[in-house]
Amino acid sequence: MTSSNNMLNFGLFGCGRIGRMHGRNITLNSRARLAACYDVAADAARQAGAALGCTAVASIDDILGDPAIKAVLIASSTDTHVELIRASARAGKAVFCEKPIDLDMALVDACWRDIGSLDPLLMIGFNRRFDPEFRSVKERLDAGAIGSIEQVVITNRDPAPPPPTYLRESGGLLHDFTIHDFDMARYLAGEIVEVSAFGANLVDPMFREADDIDTAMLVLRTAGGALVHINNTRRCVYGYDQRIEVFGAKGMLQAGNRHPSTVEVWTADGTRARDPVMPGFMSRYDDSYRAELDHFIDCVVNGTKPITDFASAREALRIADAAVASMKSGKTMRLEGAGRGS
Amino acid sequence: MTSSNNMLNFGLFGCGRIGRMHGRNITLNSRARLAACYDVAADAARQAGAALGCTAVASIDDILGDPAIKAVLIASSTDTHVELIRASARAGKAVFCEKPIDLDMALVDACWRDIGSLDPLLMIGFNRRFDPEFRSVKERLDAGAIGSIEQVVITNRDPAPPPPTYLRESGGLLHDFTIHDFDMARYLAGEIVEVSAFGANLVDPMFREADDIDTAMLVLRTAGGALVHINNTRRCVYGYDQRIEVFGAKGMLQAGNRHPSTVEVWTADGTRARDPVMPGFMSRYDDSYRAELDHFIDCVVNGTKPITDFASAREALRIADAAVASMKSGKTMRLEGAGRGS
Amino acid sequence: MTSSNNMLNFGLFGCGRIGRMHGRNITLNSRARLAACYDVAADAARQAGAALGCTAVASIDDILGDPAIKAVLIASSTDTHVELIRASARAGKAVFCEKPIDLDMALVDACWRDIGSLDPLLMIGFNRRFDPEFRSVKERLDAGAIGSIEQVVITNRDPAPPPPTYLRESGGLLHDFTIHDFDMARYLAGEIVEVSAFGANLVDPMFREADDIDTAMLVLRTAGGALVHINNTRRCVYGYDQRIEVFGAKGMLQAGNRHPSTVEVWTADGTRARDPVMPGFMSRYDDSYRAELDHFIDCVVNGTKPITDFASAREALRIADAAVASMKSGKTMRLEGAGRGS
Amino acid sequence: MTSSNNMLNFGLFGCGRIGRMHGRNITLNSRARLAACYDVAADAARQAGAALGCTAVASIDDILGDPAIKAVLIASSTDTHVELIRASARAGKAVFCEKPIDLDMALVDACWRDIGSLDPLLMIGFNRRFDPEFRSVKERLDAGAIGSIEQVVITNRDPAPPPPTYLRESGGLLHDFTIHDFDMARYLAGEIVEVSAFGANLVDPMFREADDIDTAMLVLRTAGGALVHINNTRRCVYGYDQRIEVFGAKGMLQAGNRHPSTVEVWTADGTRARDPVMPGFMSRYDDSYRAELDHFIDCVVNGTKPITDFASAREALRIADAAVASMKSGKTMRLEGAGRGS
């Protein structure tokens, strides 16, 4: 539509399911163009390149060394994030990296020591902040719709367990899945100063075998004194249950589940029945993935800071580490020092 | 609780299902006492008397002639209403009579000619005006919640066909069932000046055989210019569907169905499913029957006029007559002369 | 993404608001390409061409004579539809024309006499059949979810009156607005054999001055015996109220309004409050516009017939004509002869 | 209605707000009769006696020594419960006592040591088990509607703080208010084996001054391995928020709030808005208070055990004690030994 001179050229690292989804969003964005894609598996890159209409390149440097490419989107496996962030920042690219930065705080901090002085434009993909439902909650909170926040209840239930292979690399429920809720809690209610985590194995023996849990309840305390409850599970038969409730001195806000349609069925067996809710994160959060990309492009165009920056992603990891410590010790963990970032 | 000297003593005519229900409500009302009951079937009266703790009398005059009985509740068959109203009014009783007055306008008008000069306290049981849901709608309308009324949509669907014997005496769907909606339309939106009725036979051949319909849609026009839609059926598998929507210049009010509980079921087959709605008029309108009795007692105690008086019941009949004429002629019928009553 | 050789090249007639919306949908569709646009106002065409990345042409023949353009999308003013359909069909183009064909049945029939023998691929844009909500209702009906259809209630309320200039050319509420509901009634419940229409002027004097109405209620009867109620208004303060209820022998289906978000606000003033519903047809029906385009492309690619064809659009007009006659005469109008088309 | 010979005669201890409410329920129950009432404040007893139509007696023994009185209802202040239970059980009465038995476990156990061998019919008023909403949840769970239970979320928010005087005697939020939720958790999900409690002071300084909290979140673990979350507050501006969600392997059940009516308001400011929810425990749980009385009478008539017996009330207290210990220590408390009772 507009000439490609005005468009932001992206290079894509990682051509798996998430990478291709981000790649497609780039091609649909009127301000962006997908120039090149790379994957450690050359076949995957070739197929993605064909499907997305971009060049499949054979090495990372084909992207980092291309001056026409101003931005990179990192959607490769978690263990490659830190190295790609470092190299991309040094190459002067604007960097959008899928969450998490890494599962190991030492590597995360080493990464920042190396690139912090470059003041890179660096966004970590905590996409749920960009979901229209939750964003609307945040805007109403900021507008004072319910006064000061006293309680937050976050329900986050995965429709079905991930494959065992994924499980081993994921870092476990609290680092892989609940981490979204830690970020959301901070986004809505401010810094977290206390974490208590409770896990259970109710869904599938494979979780216990992987030294992981499949069911969790947590209670967090914010710097402002509010209490936050998070509940998680790896199996939810009626779909991907995603709800947030914020209770305050002057009222309550609830963001409910999204359904494929508004149609209600009334029969002798029951009334007002609707279909199961959205079946998974791709369908449930499609808006948020497009919106976070748009936010990233805004930041590049306007020279502003992303609201999901390196420091905020680090803070979500810090809470996840504390949550694991709490679950194992049966004690409440204090988080010393206010979090950085937004 | 309070001494019976302060209580309003009732005589009950008619000990069928409705009569016993009203009788029970009298016994539960702290300002009323059921003194006596009568039924043309002596056995029915005896059983009701035993169940309700009152004297079963052998003749109408045992009630009308008892000076301690100040009020009568007429719940006998429709063809006895006019005569009992007349005799009760002449005996100086306050009269509560189940709807309708009669199915024949000539008899209705003859009745009033005989008793109008007595200025009787006479209430006809259009109970739905006393339903908390619809009353709340009315109060909000009066408070200006949605500005001037432009459209009303009344959904009134019976769960299951009445027995064939009832059908023959009922006067047909429009006189027996829709008449509640005619009264409700007047209550909410004012006098009706135009009626168009459309009937269908979709539920059971017995209705056609009885020269009746089982499905209807109507459009009414009020003196204020608003349009009113009514839809009816004699079979609704998910319960007794009772809804009202009022649309105005500044918004809309909706009174929804009542369910036995708020419980929602979420499974792989569907979400948010609730039980069928209330199964029939006894369970759905129990509040309204108690409230209309209370209103009647208020009128006796305070010397005020009931909001469902003789004239308003006559007006509902007049609209039903016009609806039948419209259905048969395929034309819109004008109602000349504003209705009387409230 | 795919090479443009495989894409369906479109020419666009009419670059107003609707034309540009369709043009954008063409550019977003992975199987289509917008080759050229034309408008009687050359400036409008130029601006649309720039915004949509296509050539703005100076004459209709630049599109009709271009063999690379296989399909046309007609979104010009209603009085040009018939002529453009005729010329496009003769030029061998696949034709997608915005509703209505024309407001004058004689012109509609003359058009078909001229092109019928060409057996053109010709789709009229009754977009609501492609709305995911209503399509879901249709699919459930077809699957027997509620048994045979007995009643349909269609609520269609415009948020705000159109500009007076539009009003004069629109053909009036029943031809411009209710016509969508006529088509929907046929889509869901089958052929219409009887129409009764009731109009009112409650919203703005401008409607009366234009010899139009701003509020309407209708009752239709289908060939299968079901009754259909439609209610319309030109002003609805809480948004674009779009609901359908279908009641059958075994249950009920309701398609409700869409809201910008699921967020509910609970305060001392009220609970469960949501934002106003979608503000207008562009936001409410965006999915349906994209889906109808996709259906059209399916038809071109597969050589199938569109479900919203010339005959079905003619039938919607025939019902609208009967509705006007009914409203003016105060009588129910019979529609002789079953409708054609789907 | 039925002769008083067949009725269960009650004596009432305590004529405050709760006592009068129970007294009224006795008078409304067709199987019960309120014979006498007593209060330490003779005036209160006299007024209640007049209002409820029973004899106001001057001493406890007037009730305990009356052989016609078979049952007592203890609704006096908490610190009198243990002594009245003991005396009533020894006098051979069936005993219905308001919750809690006492705030001090030592006194509770001493009480049972004294009367356990008498095998008294003794019910403690954990009324919420009899609420139709929650009972419906329980019945569906028992019927296997959602498979094995994995998570329970109980929301219990008081509309407004109690008076400071009450606060001092109440035993604190966890013993006075949350104790209902502890009992509910056991009722729905089985024995509790682990408790973690988190308190906050966000509502009113008076709570902190009373060494109490006004906001709480808890996580419990059941013997079956399920996790339970409870959230509480002493101030909720939209009414008495009472919800339960049970999540299982095959689905979810939600019992929602009750509203005074179903009426929804749609305006330019918002849509689907309903009134605040029920304002307090009297209006919200009126059904449950009547149903628990009926259950007690069933037990007396049939010689069965109440589902809210002494042991289950003791267990709720034991959980409350553990919750306090958890809150103060910041540690999860284990409850050794399975609970007794139902």
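Chains: A, B, C and D, in written order; residue numbering restarts at 1 for each.
Basically, a residue touches a chain if its C-beta (ideal position, glycine included) is under 8 Å from a C-beta of that chain, and two chains touch if they have at least 3 such contacts.
Here the structure is a predicted model, which is why all the values come from computation and not from measurement.
**Q** Which chain's centre, taken as the mean of its Cα atoms, is farthest from the centre of chain C?
**A** Ranked by distance of C-alpha centres from chain C, the top chain is D.
**Q** Looking at A-B and A-D, which pair shares more C-beta contacts?
**A** Answer by contact count: A-D.
**Q** Measure off the straight-line distance from the CA centroid of chain A to the CA centroid of chain B, and report it in whole Å.
**A** 58
**Q** With chain centres defined as C-alpha means, what is the inter-centre distance between chain A and chain D in Å?
**A** 43
**Q** Any chance you could list the residues of chain C touching two or more other chains?
**A** In chain C, residues 237-238, 250-252, 257, 265-268 touch at least two other chains, as defined above.
**Q** Under the touch definition given earlier, write down the residues of chain D that touch chain B in their complex.
**A** Residues in contact with chain B: 1, 27-28, 51-53, 132-133, 136-137, 140, 145-146, 250-258, 260-268.
**Q** Considering only the defined contacts, which chain D positions touch chain A in the complex?
**A** Interface residues on chain D, with respect to chain A: 148, 150-151, 153, 155, 157, 196, 198, 200-203, 215-219, 221, 225-229, 231, 233, 235-238, 241, 247, 249-252, 330-332.
**Q** Looking at the complex, which residues from chain A come into contact with chain B?
**A** Residues in contact with chain B: 237-239, 257, 259, 265-277.
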